[in-house]
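Quick one: the structure is below, and I'll ask about it shortly.
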Amino acid sequence: MGRRSAKRHHVPGTSPGTLAFPAEAGAPGRMTVITYSAEAFTERTVASLAEVPFPTPSGQQTWLRIVGHSPAALGALTERFGVHPLVVEDVVNVEQRAKVEEFDRYLFIVLDVLRATADGAMREEQVSLLLFEDLLISVQQGESDLFKLVEERLRTGRGKMRGLAVDYLAYALLDAAVDHFFPTLERVGERVDEIEDELLARPDRRSFERLHETKRDLLRLRRATWPLREAVAKLERSEGGLVREGTHVWLRDVYDHAVQIIDIVETSRETTSELVDLYLSSVSNRMNEIMKVLTIIATIFIPLTFIVGVYGMNFNTQAGPLSMPELNWRWGYPAAWAVMLAVAAAMVWMFRRRRWL
Amino acid sequence: MGRRSAKRHHVPGTSPGTLAFPAEAGAPGRMTVITYSAEAFTERTVASLAEVPFPTPSGQQTWLRIVGHSPAALGALTERFGVHPLVVEDVVNVEQRAKVEEFDRYLFIVLDVLRATADGAMREEQVSLLLFEDLLISVQQGESDLFKLVEERLRTGRGKMRGLAVDYLAYALLDAAVDHFFPTLERVGERVDEIEDELLARPDRRSFERLHETKRDLLRLRRATWPLREAVAKLERSEGGLVREGTHVWLRDVYDHAVQIIDIVETSRETTSELVDLYLSSVSNRMNEIMKVLTIIATIFIPLTFIVGVYGMNFNTQAGPLSMPELNWRWGYPAAWAVMLAVAAAMVWMFRRRRWL
Amino acid sequence: MGRRSAKRHHVPGTSPGTLAFPAEAGAPGRMTVITYSAEAFTERTVASLAEVPFPTPSGQQTWLRIVGHSPAALGALTERFGVHPLVVEDVVNVEQRAKVEEFDRYLFIVLDVLRATADGAMREEQVSLLLFEDLLISVQQGESDLFKLVEERLRTGRGKMRGLAVDYLAYALLDAAVDHFFPTLERVGERVDEIEDELLARPDRRSFERLHETKRDLLRLRRATWPLREAVAKLERSEGGLVREGTHVWLRDVYDHAVQIIDIVETSRETTSELVDLYLSSVSNRMNEIMKVLTIIATIFIPLTFIVGVYGMNFNTQAGPLSMPELNWRWGYPAAWAVMLAVAAAMVWMFRRRRWL
Amino acid sequence: MGRRSAKRHHVPGTSPGTLAFPAEAGAPGRMTVITYSAEAFTERTVASLAEVPFPTPSGQQTWLRIVGHSPAALGALTERFGVHPLVVEDVVNVEQRAKVEEFDRYLFIVLDVLRATADGAMREEQVSLLLFEDLLISVQQGESDLFKLVEERLRTGRGKMRGLAVDYLAYALLDAAVDHFFPTLERVGERVDEIEDELLARPDRRSFERLHETKRDLLRLRRATWPLREAVAKLERSEGGLVREGTHVWLRDVYDHAVQIIDIVETSRETTSELVDLYLSSVSNRMNEIMKVLTIIATIFIPLTFIVGVYGMNFNTQAGPLSMPELNWRWGYPAAWAVMLAVAAAMVWMFRRRRWL
Amino acid sequence: MGRRSAKRHHVPGTSPGTLAFPAEAGAPGRMTVITYSAEAFTERTVASLAEVPFPTPSGQQTWLRIVGHSPAALGALTERFGVHPLVVEDVVNVEQRAKVEEFDRYLFIVLDVLRATADGAMREEQVSLLLFEDLLISVQQGESDLFKLVEERLRTGRGKMRGLAVDYLAYALLDAAVDHFFPTLERVGERVDEIEDELLARPDRRSFERLHETKRDLLRLRRATWPLREAVAKLERSEGGLVREGTHVWLRDVYDHAVQIIDIVETSRETTSELVDLYLSSVSNRMNEIMKVLTIIATIFIPLTFIVGVYGMNFNTQAGPLSMPELNWRWGYPAAWAVMLAVAAAMVWMFRRRRWL
């Protein structure tokens, strides 16, 4: 919760099914009805749900696309198609966990797709699907290219999509949505590799902050993908008749992709954990190296400074024969230097032998 | 256990069903009976349970609200409604784990709602529900606004609540109770975000202590919400007939909310764990930075201090030609300065080259 | 294993059912037979198992209490009541994991109660129950007040215990045993709170050692309580007829308590883990603070010491115009002080600006 | 994902079953048909799938080996043998998770074998098996010695392989593939042992980086082997008739090997985790040792330097009787040395007594 | 894998059932046939399996002990008793995971017993049992006292072993094998306690290395005991008729022991983890203590050294009235000492007040 992962919630105690439309969702939205069969394909924009033929005429399949959370359109889902008010509430409330719910006459699927944007941030996009007999309703928050390729395949009649019912279309949309995680994961993976290289070359506060961000991204991805897997598994096992026999094998493939995504997310999470260790060890290593060298320099000079201090003492050389006679020796000064060089050399040698240098 | 999470427990070995009323619960409490049907709504305060019509007259629904743990009222639950003594014990003992228990004639639901108070602390509020055929008894520890909106919806007749039986009312109360976790989580989430910002900007002992408190809060939230989820799941699967068919879909929604709450709690917990890492790494980073600079300053001056020490030695320059002749050279003093500046420059250059500065 | 958690084990390969009586268990022990019904209550001490009426006369219930592991008494359990030799072995071998085993004619329950003693240590006390039709045998290691209150309730006839069969008595003993964990947990919880306060106020080696001990205690509690929960759950689900229908709801309550105990233990464990973090962070914080201040003091004085060293050099001021003329300047000495004060002030200012001070 | 663990994925939204041939897979590949029975063995290279007899003539078994991902050959699998397009997609997309899928007429098995190459890196090799009645199709990415020994056993007629059906051959291939993990694990294990020895002898940045690499290798091995185990378990439980009764016991052996592999991987992972602790503790230990010695040297000399500084002060000994009379004492200088030696000895003695040296 | 936990594996791809006899297993081994019934007991050494009566004559029980992996003897198991080649392979390959496999005519049990040797190392000893109707074959790697006591009980006729079938004998062997873990665990536990005492008294590199070794031992114990528990559980649930009804309760006891062993291993593992924390905290504590004292000594002397440096400056006292007049004051030198003592006292006081000393 909080700023970075805000969830809208209505006031506790209000009537369930209360639709909390986001402020920015005032845009009227766009509704398109696509009717297709093996032979035909028509597409038109409608202004209200009343224009959608329901039940779908025999031999045809209908895909109703609702883009934007128009209160009018979504509010009418209950009357027109008998959608449960709680489902409509879930459609409107963005940032749901992915889930699949089975009702008598329809299946409700909600997904949360995380996509890396150009600037490296991640954007969530919620997609709801309502799968009726011969009718599929998809609701998206706003304009997006998420289903662009599927739409084209349907329009151009490539592949076998037109010859099959809307449950196959639902599968194709799901597949597209799930596959959109892969480029995001790839980008995260590249970032992890870059950070690892940086850390091995030269540990850096900046790298660590990038690592921290990446871990947060992976936490979000994980939160999005585990329920996704559960939802797809539930859909694959669904036995209500809305998902036809032949579609299950395709859904199993989506399930495999979901598992693979989780696998990548979890592996990346483990890798980032190890990078934290690597960072900490690198930093402490580097710091130790510096401190060691500096301390050794200081340690070598400290006895030397003591020696020069000794001969800086002002004892009166006249006071007695043992009162600093060195000061008056002919070779006193060179001898002092010799002693100091010998001490320094001995210390360097000792540090070397102990492999401290 | 202990001060911060005290649990009351009776002396081991005493008779089960012994009611341990908290000392401060001496207040007489307040009992209200609300009777409603699709057409009617009456509300009155009663002084004893004997005044509650039971079984509820056909075509009506009764909601008995007990506010405050009045020994007299609660003690009478067993005689008047056949509630098991252990259930009454659970109602009275606050700080139960959330749970649902099924009996022949009623369902017992106990919940523990954690709410952030204005001063940032968290307050627990226990709610018990006893769901009979056409009668719902709710028991709260004290006055609270937890169910205010539900009560209003019932009083004003908005929504469909009046037209449905008390199991729907029980759902509405549960829903309100569960939804009260969201503002609390939001506040915790905001605090986590604030702490993260502080840590990234400038690691601070105070932030760490706030982080520690937040972790304790999340531990409490976790302890409260996992049993909550189990309890709601059990209720949803309940097949005793007390929960009507149509109510299950609403309970599934409450279950989804409980799952979402746990999801947020667990994600926040992971985030706070990473913030601990971030804090430790920031602190050590900052400390290292300081120590490095200081040590470098010391290291540069140590050889210089040695040099000035050398020319502070009192060797008699008359003793021989090698006895500190520098002291009498015309350019001796400037030369000493030149040497010292060269040494300092060389060291700075070396530190720069090794990227220690 | 080892000194602090010693387990007795017989030599591997010896015959199973070999009774390994602890050396100190030589005391003869005490056997009491309590016979009760709704109307009557008699209690007498017996010297051998042969004196115990078995099967219990109709309409009566018998509780045989064996206190102390008397070889004679326990060895006779097999002959007199047909108890399996392995069960007798388990009764004798203290420090069993809690468990419930069902046999044709009896149920075997063994529990391990951990209680905090006055000096803060924890003492284990093993209790075995053998539940037959109308006969309950309880075996305790030694004299203890564990079941004192239950015995009194039975003796005084308070509550409904006398009117029910021995399975209810078994429940009452179990309930008392399980509830004895609560005061122990409370004491541990208080210790955790104290340690937290100490750590927040002033991290201390002693606190850390107390924390370490507390963690060991919690580990022992955990090891004791998880099997306890499993055992109670198995008992609650038991369908052999020895546990009567009405007793299951009471056992469910004991199960709830066991779950609550585990909940507290696990929460305390998490709390202590966070306290370790808090301790380490506090210690390193404090240490850093000290080192920082000391290093800053040193760093400020090092350049000053260099300066005074410079003017301690013995260059002959007569040697030339640049040979330490400062020494003979009228304001030389005050100027040196001025320079030194300026350097010190500049450094303090710099450290302040960087927020190192 | 990312460079080091790149996954190919097609553009999200493209038609499922779209074959994404890797660029380097343009090579035509090689197809060999081996036909065998208890008495006969023939082997020939074919240019297209049309040349493969299907269904296999009675009394014979056919093994079709496809080496290299030839688009032509793989694309024809669907037409010729009725393989589902998604399966063909999985065959072509390398880096699948190991899995087993059951279809009406065939079983699909895909495995990912990780093998250590001579230079210590790990290479992945994907193997797909399609098990029909009397026909086994194996697809490998490229030439490899993975199945060399199995092929030889079949060719030479050693063992009982020729007398059994292709499900036994499939088992033999699986067994060979799984067993190829062992030498890899052995090499990783040796590396772990070497690193441990290095760390115990002398902690080293290089060892830590090797450790980090080893952890990444183990992560990859783990990711490869867990699905492997699941896949083999599913195959063992398979009841479709394609796996004959007698083959299950052999598959159980493969399953045991898979479990053993996971066991080794997990144990190695735990060992490497402990090595990280060992490394960090060794590094900090060594560093502490160095710093301690250096600091002690400095600490001993600091008071001595102070003393020589005292007698370097220029107070005028004529100014009064207490103005540094020591300087003119006959034994002043030796006394100063005596004091300094005494101070140094006292400090060394104190450090010794406190066991700092 | 690797040196310390080497596993033998045959070349991947070789025929399954290939027996990989360890090089050192060339010794011929020893085979003993023990035939017993309630009344009789005979024992003789045989040279080949052909001498073993099979099926066992009615009314008798046969125990065939094979000690040493003699290729001749083990190779003949398949022909003589119909043992599956894979089972023979498992018997020969030491370092199997413990497991139980059920076949039509026999049960195969393989166990891995870890025993602490006198020098503190751990030795693995693999035991295989083949339980037929009235015949038990045990295979051990070499001579060992593992089953000495069981053999004696059988020979002397103590206990009820002779009167029961070989499944009870198999239980007795299992029980002996499992119980051999206890002394090992006890020794490990003692070592953990010793290490804890050392760490609390005085943290030491040597203790840490012992701790590291202990963790490796516990890892091995864990790896050995989890499969052990699974195997015993499977055996207890076995319903093939080879394990008679009355033996199940004895196996449940073995299962309890296995659970207890795991419990001890896991508890010890947690304890050692906490000891690592304790060690690290102790080391850093001790180090901090040393560094703090040393730094404080240095910090106290640095200002004093500065002061004596000041009065070592050679400013000409004749140059002016402010040019170091102190040097010629009558009380200059004592005053300098007074100032220095005051500074030192002030610093000590400050450090005390801040509790740094």
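A, B, C, D and E label the chains in the order they appear, each numbered from 1.
Everything that follows uses one rule, which is that a residue touches a chain if its C-beta (ideal position, glycine included) is under 8 Å from a C-beta of that chain, and two chains touch if they have at least 3 such contacts.
Bear in mind that the values here come from a model prediction, so they are computed numbers and not experimental data.
Chains that touch both chain C and chain D are the following: E.
A rotation of 70° superposes the C-alpha trace of chain C on that of chain E, rounded to the nearest 5. Rounded to whole angstrom, the centroid-to-centroid distance between chain A and chain E, based on C-alpha atoms, equals 41 Å. Computed from the mean C-alpha positions, the centre of chain A lies at a distance of 25 Å from the centre of chain D. For chain C, residues touching at least two other chains, in rising order: 284, 291, 295, 298, 302, 305, 309, 312-314, 324.
Contact topology of the protein chains: cyclic, one closed ring where each chain has exactly two touching partners. From chain A, proceeding by way of chain B and on round the ring, the chains are encountered as A, B, C, E, D.
Those residues of chain C that touch chain E in the shared complex are 1-7, 9-16, 84, 86, 89-90, 97, 99, 101, 202, 205, 208-209, 212, 215-216, 219, 223, 276, 279-280, 283-284, 287, 290-291, 294-295, 297-298, 301-302, 304-305, 308-309, 311-314, 317, 324, 326-334, 336. Interface of chain E with chain C (complex): residues 146-150, 153, 158-159, 161, 172, 175-180, 182-183, 185-186, 188-193, 200, 249-250, 252-253, 256, 259-260, 263-264, 267-268, 270-271, 274, 277-278, 281, 284-285, 288, 291-292, 295-296, 298-299, 302-303, 305-306, 309-310, 312-316, 319-320, 322-324, 355-356.
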